[in-house]
Structure formats: structure tokens, C-alpha cells
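Listed below are the structures to be examined.
Presented sequentially are two complexes of chain A, the first with chain B as partner and the second with chain C.
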Partner chain A sequence: MLDLSRVQKELVDCNRDKSSGVSIDLVGDQLSHLAGTISGPIGTPYEGGVFRIDIRLPDGYPFEPPKMQFVTKVWHPNISSQNGAICLDILKDQWSPALTLKTALLSLQALLSAPEPDDPQDAVVAQQYLRDYPTFLGTARYWTEAFARRVSIGTEEKVQKLVEMGFPEALVRTTLENAGGDENMALEKLCSG
Partner chain B sequence: MPKRVLCKFFAHGACLKGEHCEFSHDWKDQANNVCTFYQKGVCSYGSRCRYDHVKASRVQAPISSSSASVSYVHQASNPIQVSHPSRIASSGKTTLVSSIPVELSALSRPFFPPDKPSWFQDSGDYAISENDRGVHSISVAPSDQPICAFAAAGKCPYGERCPHIHGDLCSTCGKHCLHPYRPDEREEHIKMCQKNKERLEALRHSQEIECSVCLDRVLSKPTPAERKFGLLSECDHPFCISCIRNWRNNSPTSGMDVNSALRACPICRKVSYYVIPSVIWYSTKEEKQEIVNSYKAKLSSIDCRYFDFGSGTCPFGTSCFYKHAFRDGRLEEVVLRHLGAEDGNTVIAKDIRLSDFLSRLRLTFISTQEIYAIWSAGNMLYSLHYLCLRNFSLGDETRNRGCGIYTIE
Partner chain C sequence: MTSGCIKVITKESLLVAQREDLRKIMDLLAVSEKHARTLLIHHRWDAERLSAVFVEKGSDRLFSEAGVTVVEPNVLAPLLSSPVTCNICNEDVSADAVTTMNCGHCFCNNCWTDHFIVKINDGQSRRIRCMAHKCNAICDEDVIRNLVSAKHPDLAERFDRFLLESYIEDNNKVKWCPSVPHCGNAICVDGDAYCEVECTCGLQFCFSCSAEAHSPCSCLMWELWVKKCRDESVTDNWNWIIVNTKPCPRCLKPVEKNGGCNQVRCICGQNFW
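For the complex of A and B:
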């Protein structure tokens, strides 16, 4: 049986600490299915990105490792660019029940800043990392820009931002609505029209 | 502290106090099975009561909590009433009446060794001198008198007028429970009191400790069976016994290596080969050692179910914590055979069985079929015997090179 009290404690503990750059949310009403988010470490091509991770807790948790997978696409030698599968020893045979979801997510963050191309999950990425590092950096940065952009800013903030640029508020609101909440697209439309 | 009455909880196999219990954990001691309600007058269970219905006077001796006070009852009442009736008659008082002044005056008397019965004193010089001083001959050594139970419990309603001795104050427990004339008992009480205090402090400290696996406080778990720590032999990280056992019993199919992952501490990954259950967490190395030793001592008194009085084999061999004894009580004697391995180190040989030989022998036979195909049964037996000898003397070397070929040259 899944140890519910431990999972609850972990959730409370993790979400209380805002400074760590990781957070865990419930997906449905089941404690066995969670979603984690980690922010890309500074000084890496993943900087500025927010990565979502699907977490499924097996019945044996914490005696069995949680199953984690990247939902956000990411260009990294140890993470599959196709399905987001992660190659990390502590999520497999080096798991220990003293590790928590938070520490596992922090380990993923550390994995983003220190890739292990010699033990790859995605061979294509690993080859690029080893043979053509500048291209790897570019691709990784592009993927972060394209898939892991921070979308957490609320509509009001976006409106305020655009109003500050000198556009009338009513126009900003309608344009933003038409653009589906995309700040950049709305700005383009405002500038062109 | 006297340990005469059998502990009720121990009798049911559920005493949590262990060696710190103030009642006896020795099956030879009698359980106190006397109904206190009946003694006070009314037991509502009547004849259906589980406890013995005995009158107070009859049970005075067996239920008194102190061993010394038992002898007091015998010494004080029997000799006077039976062997010296004349003396009591001449004094004109009954023993009951005289007992109070005697006990009071006993405070001012010199100390007697408690093992000296009072009737010897009666016949000796001392008894005469007592008579000279005008005190009645019923002399009870102060060490034989019990101290006032009320004072020991906290407050005596009689205060100064109390006919019993008031004990000295024990600085540890704050009660007047130190007998002024029994040095041994005093010392024992002080020692016990300090031990109890230390234990209480350790228990308080243990309350705070959390298990790193379930993240709960170990001693706040719902069931008593779960409120135990699991100590690892090689490191000092606290877990509750169920969590650490669950982790170590994790099935090898989960992909984790038994030796490097499961037997390792979840926190520091140091490998420990056994877990010690304990109701208390330790703060020093000595305390841990004490817990480990008492656990091992307890297990070594239990017969190993794998060894099964010699009819089974225990996979743990000489490292087994349980008792390996035969039905007649004889302990198993194991002589370890040290063999020189190929790399020059010494290894301990495991039991070599005939079945192992045969299976190995057959393998060799298959590989060297051409050579041995025509061997007769007699030859085979002879070679087997020879093999045994060679293998015992050469050990691993023989085994590593493949026994068959090596012996026939």
C-alpha cells in the first residue's frame, strides 16, 4: 500500500519551501499521480525554462522509486527527446527510501546542469553533445525557449505590461484575448495594427 | 529493589519495562494472585473472582513487598509467642501492645546484622542487657523493620508521631524511601533510581526522533508493535523497525541489489548486516552496545528453528544469533576449517557435501568422457574416496582446477 501520510507530508514540506525552485502539485484527486515542476538551472541552456515532470507513485513507494518522466520536451543526453524518459540511477537501482520527491526533483535539476553523455538515454543528443557541443547548446536553448517558456504570468500582469508600453487598455485586452493569452503574439498584433 | 513478586505483564509476555521492571521476571517467583477487594471486605465478583480470596492475616507474609520484612514477621511474632510464653506473661503485656514502644525504641538501638534471628539474641548477653535497660525482650533490629510506606510515598499523616521509621530522602526520586539501617538496600535503590532517571531521559529524548522513511515520530506510531526503533549495526541513523525491515525485505525483483542497496542504510548507504529492535534510542556508543548485547543475549536463549535441535541446517551457521543446541542440551560445536586460497589468503571452508562432489564429478566426466568412459564402478568409488582426501587437504586449489583430472595422474 502507498504510504499516504508520507506523501502528504512530502507535499506540504516541498511546497512550503519556495526558494528551492521545485514544486509538486496534485494532478487528479489521487495522491499516486502528481506533477512536479523544476526551473532550469542558471548558467545552463535550460535557464529560464520551467519543466513539468509527470510523477507516478507505485504502491510500494517509498520502498520503490517513483516513476518520473519529463512532460516538457527537453534536449538533454540523459532525457529522451521523444518521450521524456529519464536515465538517473536514483530513480532506478540506487533509490533509497530516505530520498523524497523533493530530493528526487532536485536531483533532476542537478542532472540538467551536469549531463552524463557517457551513460545516455538519448543517443542522438549524446552524440551531438560529445561531437558538436556548440550545436548542442543552441538546440537545447532553442528547445527551452520553444517548449519550456514560463507561462505562469497572469493575464492582469500581461495587460499591465502592455499598457505600460503605451497601448490603450481596452485594445490590449481584446488583442490579448484574440491571441489566446500569448503576450508576444498580442504585442506583434498591437504593433502591426 | 526487591524482586519477589512475579510481574503480571511478564507472565503474559508483554512487559515493556524489561530489566527495569520493579517486579520479578523470574518464573520461579510467585505471582501475587491475592484479591485486594476481598481483603478490604467486599469483592463484587464473589466466587467467580479470578484472584485468590484469602484473609489479610494469612497473606501478610507472602505479599509483603520487601524480603526483609518477611523475616521480620516471622522473627517478631513466632519466637515470642511460642518459645517464650513466660516472658510475655511476666511483662504483663501482649505482643501487640508492646510492639509500638519496642519499634520506637529500636531507633536508638545499635545495628544488628539482619541474618541473626532474634531468638538468639534473647538467649545471649544482649537480651539480658536489654532487660537491664527496662525494655522488653522482644528486640527487633532496626534493619528488620520496614519503613513507613506513607512517608515513602510522599506524606505520612502521622508525621512525628508515626510509629514506623521514616526513610531518608532519596535525592533522585524525591521520596523518603531510603531505609536508614539497610545500607545494601539504600545503595541498590539509589543505583536503580539513577538508572530509571537516565532511562526516562533517554525515553524523552527518543520521543523526538523521526524515522527518515515514513517521516513520522517513531514513538508516536499507532500500534505498540510499530513504536520501536530499528538500529543498524554500522551507522547511527534512526528508523522505525517496520520501515527498515520493509526496506531490507524488499524483493530483489525490484531491480535493487541486495548487498549494495537493500542492506545499506537508506541515508548513508553504509552496509549493515543486521537490525536491532529497541524501544529506546541511544545517545552514546556504550548505550548502543548495551542494547545490542542485550538483544543478542535474548536471542541466544531461543532455539534456532533452522537448526532444529540438530536435525536441520541453519543457513547462518556460526553467525546465527539463535541457540544451536541439541535435544540433550549440548551446544553445537563448530570447528572452522581454514583453507589457503589461490591468492594466498585464508578462507573459511563451508561444509563439503557428498552431493556437491557427485555433481561436480559428473561435470568433469562429461568433459573428459573419452578418458573415463571405461571405468568400472569400483574404480569410480576408489577415485571418489581419493578425491575426498585430496579435496580436504588441498581445498580450493583442487576445486578450482577441476577435481577429476587432478587426482588420476
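For the complex of A and C:
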């Protein structure tokens, strides 16, 4: 039932507009599995980072909301620091078929700019945000620096390091990419097979 | 143990009981049956509270909060003559293949139908909102019935059954009799909900938690006791429920998180973590 023509059109429309700071790519050859990227909003601790989001489209899309999850680790009250799960109303009961993947990604970008610590997904982060804002800023900035820098920077070094450990290069590259350039996460995935 | 006025609602008297409340609101506000139903579902079939809101806030606020738009759709329809682009599927469709809801939002009939089918299958058919983002309007039940029955007559029947059963499901004063196999009855209690009732099928149960009558033990204590007894005779199914679900704090049904973040919405409408 997945409306393929609409998804195709959405992909083209979203990627045509380069200024929005969000983009959508295919992951495999299925239109039901996509990867979104959003750039961290300027003036926030996420500035300079590029965040990758795993997008799964249910059969009922666009009448059911897309399932989105951060792949890139991010320190934010409404996003799980463990698994990237997102607490955002429009991805749940406030979803409307008139919204698109692009508007959903833009809403995620807005969520990065304006956290809602009173409605948290990650209680630890939310506590820190409310009680010790300077430390929150520092941690969020550090995570952006450590996990969300542009994947191209230093990728070759990471690939080389992992290849030296004995993993095949092609696998290393795809795993690294799926892990949003996070070397440790990629290693973990490679080890677990 | 206090008890209010207790009434048994059978399959046959359900329609009559619902009509009674609908009639009250239709007379009070001079609205059609479908609008009265939408208003009553929003206010959990509490006609007194609905009247109080009407007196306090006026009919405009009452209608907008419940998602009721009382505009005749034919006021909007003549505006459409040339082909229209549906904002959902991006297809150009002729003006006779689109429907404008009372709120003024217009989409093609195929998209409306798919939207309704997803909601009905999801068990959310009693309050199907318009497809436009942030539009709070509840879709007209006649439109839903017509469009859905053209493609799936069985789902249209289910939609009607859900609307009828809303009187039980969305009503703090009424509960299904928990008899197994189900006798088909529901019990209406006007007054204190913490009481024990007896259905005409002979079953006595606690109206508050739907478990078998357990006074003077409290509902919570009874639930813990039943859980403990079950834990000692674990079956695979029950084990799965313990590991994978949490009871909804409002309706107590086990709820499984099927993805997303930790904020979960039970089909009864309750959000919890």
C-alpha cells in the first residue's frame, strides 16, 4: 500500500532544495528504508554537526507516520542517548498525511534548536539540562564534535585503522557509514558480526 | 460499600441508551445527531459536563474544542470546477473525485479513504481527524461511511459498530461485563464508581477494575494478588505479557510499545511512560 510515487516525488523535492539543511538518501534498493541527514542549527551546541537519521516507512505511509531514529549519537533531552529514539508529537499521534519526510526532518532540526526538557525522552539529559545548563551545553557540544562531525573528515584514517584490524574494506566502509562515522560503534558492529 | 444507580445495558438497549443522551444534546444545542455524537464522544458521554461547558464557554468554544465544524459542505463545493491537485498523493484529480470536509480542507477521495481505513484498522475510528496538519476537525461520519463502504463494506460496518460501542468504551459510567464467554451486556453506574455490581448474566464484579468482586480488599491489592497467583503458574503467553507490556494506568489493558520513544498512547487515549 506504500505510495511509491509520492515517496519518489518527496525524495526529488527534498534533495532539490540544497539550502534547507536536510536531505534524504536511499539506503538499499527499497523505498521503504531511507536515511535522512540534518545539519545542526547555527547558534546551538549542535552547530557544525551532521546528524544521520534512519527512516523506515510503514506500508500505510503517508497515512501512518514514518519511523525515525537518530543513528548519530546526540545529547538532547528529547532524544535517547542510548538508541536515538525520538520523542516528537508529529512522529506519533500528531502526524498528518499532509506532512512530508522533509517537514518531519525540519521539525527534528527545530527540536534540536528548542528542546522540551519537561517532556523528556532521556531523563538523565533532561535533568542535566534543567539543573546544570552549562554542563549540558558542554556535553552536547562535545558529542557533536565527537560523533557528528562531517563524515568525510578523517574517514580514510578510520577506514585504514579498521582494515588493519583485519576487516574487509568494503564492509568497513558501509558499517562506518551506517554508524554515522562513529568509529567505536562501527567496530562494535563489525565485531558482533 | 456505597452504590449508585445501576443499570444493565444489553445489546438491544445500547442503541436506545445512546439515543437518549444524543437527543438531550440535539435538543439543547439544535445540532444534528452526528454532531451531537462527536461532542459527546469528546466529553466521554457526560451530557452534564457538556452542558456545563456550553453554559460556561458558549457554543463556539464547545464546538471548536471537540472538533465540530457546523458548516454545510455545499457552501464550499461549487468553488471546485477544474481539476484539483491533491496535496497528499500529488495527483491531479477531477473535481468530482475530491471531498471537502466541513473544516474546508479538500483532498482526493482515494486519500481520504486510505486515511479512514488506517484509522479504523487502528481502532481509532471514533475520532478520525482531518488529514491537514494541526486541523482539529473531526471528519463527518456520513462522508466516512460513504467512502469506506464503496471499497470495504465490512470496514464500514465495523466503523458503525465502533461508533455505537463508543457509548461503552468512551464512557466513564459504563463498562463491559467481563463475563467469559461474553454475555454481550454492559453495566451503567450513575454515582460512585468504586462499587460492586451484578450483571443479569449472574456475574458479580468490581466496577472500578472489572475484576471479580473483591471487597473489602482494594483494587490494587487484588491486582497484585492475582498477579502473584499467576506468576506461580506461568504460561508462555502470560510470561510474554509480563515481559513485553505495561498496564495502561487508565483502562488497565496490557499495552505493548511498538516502537518510537517511551511515551506510549493506549488505544483508550491515555498517554503514559
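The rule is short, and it goes like this: the second predicted complex is superposed on the first by the 151 of 193 C-alpha atoms of A that agree within 3 Å, B and C clash if a C-alpha of one lies under 4 Å from a C-alpha of the other, contacts with A are read in each partner's own complex, and residues count from 1 in each chain.
FYI, contacts are C-beta pairs under 8 Å (C-beta built on N, C-alpha and C of every residue); 3 or more make two chains touch, one makes a residue touch a chain.
Because the structure is a prediction, the values reported are computed rather than measured.
Chemist: Look at where chain B and chain C land on chain A after superposing the complexes, then choose clash or fit.
Modeler: clash
Chemist: In the overlay, answer first, second, both or neither for which of chain B and chain C A:85 touches.
Modeler: second
Chemist: May I ask you to decide whether A:168 touches chain B, chain C, both, or neither, giving the answer as first, second, both or neither?
Modeler: In the superposition, A:168 contacts neither chain B nor chain C.
Chemist: Quick one: classify A:67 as touching chain B (first), chain C (second), both or neither.
Modeler: second
Chemist: Tell me the contact category for A:9 with respect to chain B and chain C: first, second, both or neither.
Modeler: A:9: touches chain B and chain C.
Chemist: So, does A:121 touch the first partner chain B, the second partner chain C, both, or neither?
Modeler: Second partner only, chain C.
Chemist: Which of the two, chain B or chain C, is in touch with more residues of chain A?
Modeler: Higher number of touched chain A residues: C.
Chemist: With chain C in view, single out which of the stretches 97-105, 151-159 or 241-249 of chain B clashes with it after superposition.
Modeler: Only one listed stretch clashes with chain C, namely 241-249.
Chemist: Taking the stated contact definition, name every residue in chain A that is touched by chain B in one complex and by chain C in the other, in rising order.
Modeler: Shared contact residues on chain A (touching chain B in one complex, chain C in the other): 3, 5-6, 9, 60, 62-64, 92-94, 96-99.
Chemist: So in the complex, the part of chain C that touches chain A is made up of which residues?
Modeler: 87-90, 111, 114-115, 117-118, 131-135, 259-263, 265
Chemist: Quick check on the complex: what are the chain B residues that touch chain A?
Modeler: 212-216, 237, 243, 246-247, 250, 254-257, 261, 264, 266-267, 269
Chemist: Quick one: which bits of chain A touch chain C in the complex? Just the residue numbers, please.
Modeler: 1, 3, 5-6, 9, 60, 62-64, 67, 78, 80, 85-88, 90-94, 96-99, 103, 119, 121
Chemist: Over in the complex, which chain A residues touch chain B? Could you list them?
Modeler: Residue list for chain A touching chain B: 3, 5-6, 9-10, 60, 62-64, 92-99.
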